[in-house]
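Look for chain A in each of the two complexes below; its partner is chain B in the first and chain C in the second.
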Partner chain A sequence: MFSNCSDPDLLDGLAWVACYLTNGKHLVAYTSFGTVLLLLAITAPISLAFGFGGAIAARSRIAPLRWFGQAYTAIVRGVPDILFFLFFVIALDQAFEWMRHQAFCPNWVEPIRQGNDFVVCTAAKLPLSTSPQWVHEVYGFLLAVLTFAIVFGAFAANVLFGAMRAVPVAQIETAQAYGMTERQSFWRILVPQMWVFALPGLSNLWLILVKATPLLFLLGVEDIVYWARELGGTKGQIFAYPHPDWRLWYFLGLLVFYLALTQVSEVVLRRLSIRLSRGQATFAGEAQRKAAA
Partner chain B sequence: MKTLVFAAASAVLLAGAAMAQDVVRLGTEGAYPPWNFINDAGAVDGFERELGDELCKRAELNCEWVTNDWDSIIPNLVSGNYDVILAGMSITDERDQVIDFTQAYTPPDPSTFAAMSSDVDLTSGVIAAQTGTIQAGYVAETGATLVEFATPDETIAAVVNGEADAVLADDSFIKTALAANGDLQIVGDPVALGGGVAMGVRESDGDLRDKFDAAISAMKTDGSLNAMIVKWEVSSKW
Partner chain C sequence: MECLDTIADYGLRSIGIGERLLPRSDFTLCQQITLIGSGLLWNIYFGVLALASGFFLAIALAVGKAAKSPLIRKPCVWFIFVFRGSPLFIQFFLAYEAFVLLPKEGIEIFGITTETRWLTRAWAGALMVLFLNTSAYTAEIFYGALRSVPKGDLEAADAYGLSGWTRFRKIVWPTMMRLAWPSYTNEAIFLFHATTLVFFSSFPAWQQKGDALYYANYFADKTFNPFVPYPIVAIYFILLTLVVIGVFNLMNRYLNRHLPGQAKRIRYRPQVIR
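Let's turn to the complex of A and B:
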């Protein structure tokens, strides 16, 4: 990055450190912080949507829909994360390619499964082998988002299912007495009131999601923990910036990052909790009313 | 008109297919110097980078490098996420049942033990090796206690930290690690493991294997492969 970095052997002290921390590898590593934050920003709302759908399905009066909602939460919550991430993603990728194969290569005669191999026609490859590397990386990232959303959606579904049941039944009965249809009482009475009950569970999920992001590397996305290990590992003379095992320092950096992220989350969640309690028939809501009066 | 459109469409499709076949994705681990590693610019580098690029040039293939975790490097090959494994992988019977190998591009690199002191007991001590390697398989069969790590670097760190008594890995990797860790030393005798290092391809990909086989033969004949082996100090010459 700096002009005097061309020959690292001649550098010492601060100049060496400055050049070291701005070499190409470190610059790539810094962008992985963005990858992780982007993943969190995209995954959280999608998981919430999956969870909302799952909760609605699980309390549906239509039996197959209810079974689907219950099976989704039960199965996904019961399977260990790491198994899910190792097995499910490859299966998901193969399912997409299989569908594209059926659509694009109807005249293909060879079997798709040849022993251990999964062979689809070149036009069905996802992404195409010809596409540049960044397309492959974006595809991997999207698979990661989808997998995280499915896993955390199942947990969120259970939290929201419980929260919907926690809304006092008198509220729903009053809504019905006012002549609201079931749909109206659900959207106008139940949903606005359930969030305050869901928030503790959802905030737990959010913090678990933050900590689960290193699973990204299982999906081929190079995240901050991968880079900390890669950059911190012992570097011999084959590298331009040789150094002993510095993983401790890199992991300390990660510790600071994760603690800061947790702290910001705590502040935001606390404010959200105050906002959601306003006007609610809960202890917190009652306390706010008395303080204002 | 209909036939014309159809012909045009199939021509486009065929052209697309022909082009698609020309891009060969090479999968490597990127954590095993001097075989393959991520250099300071963040790109794949090392013996296998240079070798792979040269082989692709000779076979007139358009190649692209991808890195993948060692643990899942074979599942991702057979599921088609890349087409070739070029990651210091030795030919073994177990692997050969799942994937196909080209001819070896380096002779078997002897495996060497490294430890912090010369008096460790290699037959009953705690030996570190990378998961899913020929060295891990070998240690498991001796009387020693095997501790496995996901990355090669962690196996060295385990010995330096005292977690393991010694580490077993390819001689070239151990020598590279020794240069970076002054306290480490080679102990015991080297053991000969594996049937040489080769490129892994899908069993259904015979054409690709033949192309690379021919290119490797050519490089063996004209001596350029030996020159590359000497340059990167990865193993003995052919």
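Let's turn to the complex of A and C:
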């Protein structure tokens, strides 16, 4: 990056450190912080949507839909989340390939599961073996996003289901008294009011989501944990920047990164909570009204 | 019965008793259930010991966080902040790398050489991390409960001339436990779930002695079929969760035995949030 970095052997002290931290591999590694933030930015809204759907399903009057919603929200309670991560990444991949297999190769007669192998026709492979490397990486990342969204969607469904029940019944009854249909009272009365009840749960969820992002490493994405191990490992004399085992320091850096991320999130969420409580018939809202008066 | 043989061979495989080699092909359902169940022993080991030891550190930390003197308060606040604010996964990695860097020949403390090798093994190193981690989470729960101890209780204690340790032991601590218990149950469940991370975070499964998820992952990798081993782990964990809830309910009944009408089983409301 800097012009004087061309011959690392001549450098020492601070100049060496500056050149070391800006060499090609490190610059690639820094983008993996972006990967984590991107995952957070994409996953959070999708899982909120999944959660919303799950909560509506769990409240549904149609029994099978309700069972589905309740099962979806209940399953994450008793089972470790990492289990879902390991499961869904393979299961989704196989499900997609199986569907494409059915669509593209209807004349295929051999069974898909042959002993310990999962065999689909070449056209059904995801991504296609001819695709460039970046397609493989993007596909892996999207699988990870979907997996995260399914798991955290179930958590969010739990929170939103509780929040919908926390909205005072009198509000809904009033809406009905004014002649609103069920759909109207749901969208105009229930949904706007439920957020203040959902916020504590959702903030916790966000912090858990942040703390679950290093699991990306287990899903085969080249994330910050991957790079910390890769860059920190002992580098012998054949490398431009030889150094002993520095993984401890790299992981210490990650620790600080996550502490900062959770701390910033907490401050933002606290502000959001104050904003959402304004004018609400809750303890916090009442306290704000009294303070202003 | 073929399955009984399998159980005899692999039932205690995770702690090194029985067959040395794991099955390599033609996996039967019985093998998967047995081996994954044997791995669950490690989850129970980590969970029970971390909970039991973390309980005491958590009380100390909670009291420390509520202390007036900043010399005591600040370290407790920082400890809780660091362990609650960062991912357990990163903590495992960090601890492992730190343990590896310890000198192989041991550290000399007051002329006595202490072995350090065992810290790089999962049974000690990972247990250490889990212990510190659960202490921090539990301390936050206990701290919240400590702050919610009714004012009247403390005033009554003062009126009876109780102070210091006696007041804490007889008045504050029991109430704190009663208030914290439902949340603590939740934390216990999450700790058992967290034990599945151990063998995925640097700590090597020495001689393929791993936990339930380690073996499930082994089967899923070999058979390329996630639909059998992972549901088995899920069922084991649901059962384990039910046992944990049952045990904690018994304790809860004991804690509230003097309260009329509350001695019955409280309805446990599972939280999804740690």
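The rule is short, and it goes like this: the second predicted complex is superposed on the first by the 286 of 293 C-alpha atoms of A that agree within 3 Å, B and C clash if a C-alpha of one lies under 4 Å from a C-alpha of the other, contacts with A are read in each partner's own complex, and residues count from 1 in each chain.
Here is the rule we use: contacts are C-beta pairs under 8 Å (C-beta built on N, C-alpha and C of every residue); 3 or more make two chains touch, one makes a residue touch a chain.
Please read all numbers here as calculations on a predicted model, not as lab measurements.
Once the complexes are laid over each other on chain A, chain B and chain C cannot both fit and instead clash. Contacts of A:Leu218 after superposition on the shared chain: both chain B and chain C are touched.
Using the contact criterion defined above for the overlaid structures, shared-chain residue A:Leu27 touches chain B, although it does not reach chain C. Using the contact criterion defined above for the overlaid structures, shared-chain residue A:Asp81 touches chain C, although it does not reach chain B.
When the shared chain is aligned, chain B comes close enough to touch A:Glu230, but chain C does not. Shared-chain residue A:Trp67: touches no atom of chain B or chain C. Residue contacts after overlaying the shared chain place A:Trp187 against neither chain B nor chain C.
By the touch criterion defined above, A:Leu248 reaches chain C but does not reach chain B. Applying the stated contact rule after C-alpha superposition, one finds that A:Thr262 touches chain C and leaves chain B untouched.
Judged by the touch definition given at the top, the superposed model places A:Gln114 against chain B, while chain C stays out of reach. The single stretch of chain C with clashing C-alpha atoms against chain B, selected from 5-13, 95-103 or 185-193, is 95-103. When the two complexes are superposed on chain A, the residues of chain A that touch both chain B and chain C are 86, 90, 94, 116-118, 217-218, 229, 245, 247.
Listed in rising order, the residues of chain A touching chain C in the complex are 76-83, 86-87, 90-91, 94, 113, 116-118, 154-155, 158-159, 201, 204-205, 208, 210-215, 217-218, 225, 228-229, 232, 245, 247-248, 251-252, 254-255, 258-259, 262-263.
Across the complex, chain A meets chain B through its residues 23-25, 27-28, 86, 90, 93-94, 97, 114-123, 125, 128-130, 133, 136, 217-218, 220, 222, 229-230, 233-242, 244-245, 247. Listing the residues of chain B that touch chain A in their complex gives 13, 16-17, 19-25, 30-31, 33-34, 37-43, 46, 64, 66-69, 72, 75-76, 78-81, 83, 98-99, 151, 153-154, 156-157, 160, 176-177, 179-181, 202-205. Interface of chain C with chain A (complex): residues 25, 81-82, 85-91, 93-94, 97-98, 100-101, 189, 192-194, 196-197, 200, 213, 216-217, 220, 222-227, 230, 233-234, 237-238, 241-242, 270, 272-274.
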